[in-house]
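One chain, chain A, appears in both complexes that follow, with chain B as partner in the first and chain C in the second.
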Partner chain A sequence: MAGSLIKIQETIVSSSTGSVSLVGIDSTYDVYKVVWTNVTIDTDTKQLQWRYRNSSGDVNSSNYDKARKILKANASFTNSSGTNATQFNTVSIGTGTQEQTNGILYLFNFNNSSEYSFHTEEASSLDYQPTLAGIQGGGVLTVTESHTGLTFFVQDSNNLESGTFTLYGLKK
Partner chain B sequence: MTIEEATALAQAEIDAKKTINGGEGMFAQVNNVRREYTEAEYDQAVVDLANSKMYVANEKWMQDRAEAYPSQLSFIEAYTEKEILGESEKWDAYVVDYNKVRSDNPKPE
Partner chain C sequence: MATNLQFINKTEVTSGVTTVNVDNVFTDQYDVYMVQITGLHQNSNVANDVEGIRLIDNSGSVVTGSEYAWALLILYSGTTFSEQKSTSDTRLRLGLLTDQLSDGQTGGTFYVYNPNDSSSYTFINSKTFGMNTSDNNAGGKMIGVHKTAETIRGFQLYESNAGRPFGGGQITVYGVK
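Now for the complex of A and B:
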């Protein structure tokens, strides 16, 4: 359906930045979509990570659960799962030529305070080796509260160097 | 490494990054506005970095081994050739590779 993907916010990183927050999720749409493209970082072998946000800011919780498949071009596919983590993450990327991560999240129940918030994840990255690494899977924050957005950051308090982060709403 | 040791190391690293301490600062972009981290965000960065140091010191060796072990296919091929055909060349090579992964990624004391 034409016009069904509504851009809400776009943040372009053009200098070293510790975190990017996308906000603006409310009751307008049932499902939201986040896209990150050409994301590079300043330190080798670190992950792009993210947390959900609520009205008070980032949700610093130990209730992030994930279940994913890591699809690597040079090795067997592996599972990546865990419960009660403090954030979500991509694969580790580096600082070499064209090493970057790109990905999409679909966000569910974010505006529902009586349900957990979920996302599906798909990503395609040239990792630190550098090798193509894909991800398919999902995550959940096992806390019944509503969420207004997400914050992306780099493992071990390192910096994003470049990239574009965009939040869309899927028109009802 | 204990969580106290990791936190102390992380605190020192994050403190050194603050502009108030002469560092380059850590910055957040929220609603496309770029600003230095708040104290709460710096505090969370300390927690994150300490957790990561704990993982690297105490658990990362398991993930590193899992990613570096020879493939399951090479195990099956080497093991079946040894057991069924009585040819141990691939098995001997597998054992060398397997032991190298373990020595390259030692379990912390």
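Now for the complex of A and C:
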């Protein structure tokens, strides 16, 4: 296991920023990994969201499908599923003390132009209430094209305030 | 080629104990850590799940107060999935269902976020598998948080029931650079 994770890009947000793009996915690796830590936003009750990127930029089409379980420390768990959305998302967080999100994606088939691109996700967040909430599940962009990265942003054109976003490749 | 998953520590779980401290593994070198538990089992036929983990603060003390919140989905192979949760607990439950080695074992991976940041809560998520004669096969998906902003330098594998000591296993810690 050790020695198999290769850092490709790290972006640290230290002031208000509209989006963070992680790029550099190509044929070098079959599976890529994204880690975000200590991510905060500037507006209450909004989601950290993301889209895949192709050679032209962010993919804005309505082809994002997801199936996840939302785990909550204070309430029954819920299913979070849907088809033909325009982005993926975490749970809603806010601006209160310690409200933040941390998570990991594994990316599959991103460099394969003849298959869909998939990801699995696991996130642990202090949401807007603030209560521990997180996601276990996955998503797919139902377009047969290759993808070069992802862009993270905040729901409704709000801003990221802090956090670290890192893209890794898993050595073949 | 330089790599970014870096081995820090491997701890053998000795038979007969109910706590195992993995201390001085979280430092200012990494923001995120990956911990792998392999081959964890009990030393007698008790077929139950391990209580969980507790964190070790910067003074070396195990955090035993009600400072943890967690949510765990247990995926049973033979029955309905189970939702377990707490907003105020004395440990983080991972869903490590295990047994004596002849009947089962458990393992999994959990990630720790921001343990060395004294101004941030420490967050965790995990995925585990396990087998015992009571539950057959089961997997766990968990999220957790330590709700005190302080520096965390390690963790303790924890079982409160003296009648369910560990039989063996390994715990390996990596830094994600």
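One rule holds for everything that comes next: the second predicted complex is superposed on the first by the 172 of 172 C-alpha atoms of A that agree within 3 Å, B and C clash if a C-alpha of one lies under 4 Å from a C-alpha of the other, contacts with A are read in each partner's own complex, and residues count from 1 in each chain.
One rule holds for everything that comes next: a contact is a pair of C-beta atoms (placed from the backbone, for glycine too) under 8 Å apart; a residue touches a chain by one contact, two chains touch by 3 or more.
Everything quoted here is computed from the prediction, not taken from an experiment.
Do chain B and chain C fit side by side on chain A after the overlay, or clash?
Because the two structures are overlaid on the shared chain, the partners are seen to fit without clashing.
Who does A:Thr86 touch here: chain B (first), chain C (second), both, or neither?
So A:Thr86 only meets chain B here.
Going by the contact rule set out at the top, does A:Gln9 touch chain B (first), chain C (second), both, or neither?
Touch status of A:Gln9: first partner only.
When the two structures are overlaid on chain A, which partner does A:Thr28 contact: first (chain B), second (chain C), both, or neither?
Neither partner.
With the two structures laid over each other on chain A, which partner does A:Asp58 touch: chain B (first), chain C (second), both, or neither?
first
Touching A:Gly18 in the superposition: chain B (first), chain C (second), both, neither?
The first partner, chain B, only.
If we overlay the two complexes on their shared chain A, which of chain B and chain C does A:Ser157 touch? Say first, second, both or neither.
Touch status of A:Ser157: first partner only.
Could you figure out whether chain B or chain C reaches more residues of chain A?
Partner with more touched residues of chain A: C.
Between chain B (first) and chain C (second), which, if any, makes contact with A:Ser76: first, second, both or neither?
The answer is both, since A:Ser76 touches chain B and chain C.
So if I take every C-alpha atom in chain B and every one in chain C after superposing, what is the smallest distance between them in Å?
Minimum over all C-alpha pairs of chain B and chain C: 12 Å.
I'd like to check the shared interface: which positions of chain A are touched by both chain B and chain C across the two complexes?
Touching chain B and chain C on chain A: residues 75-76.
Which residues of chain A touch chain B in their complex?
Touching chain B: residues 9-11, 13, 16-21, 23, 57-58, 60, 75-76, 78, 86-87, 151, 155-157, 159 of chain A.
Which residues of chain A touch chain C in their complex?
Answer in residue numbers: 1-7, 35, 37-38, 69, 71-77, 98, 100, 102-104, 122-126, 131-134, 136, 164, 168, 171.
If you look only at chain B, which of its residues touch chain A in the complex?
For this pair, the touching residues of chain B are 13-14, 17, 24, 26-32, 34, 37, 40-41, 44-45, 47-49, 51-52, 66-67, 71-72.
Could you pull out which chain C residues touch chain A in their complex?
1-7, 31-32, 36, 69-73, 83, 85-87, 111, 113-114, 117, 120-121, 123-125, 127, 141-145, 147, 149, 174, 176-177
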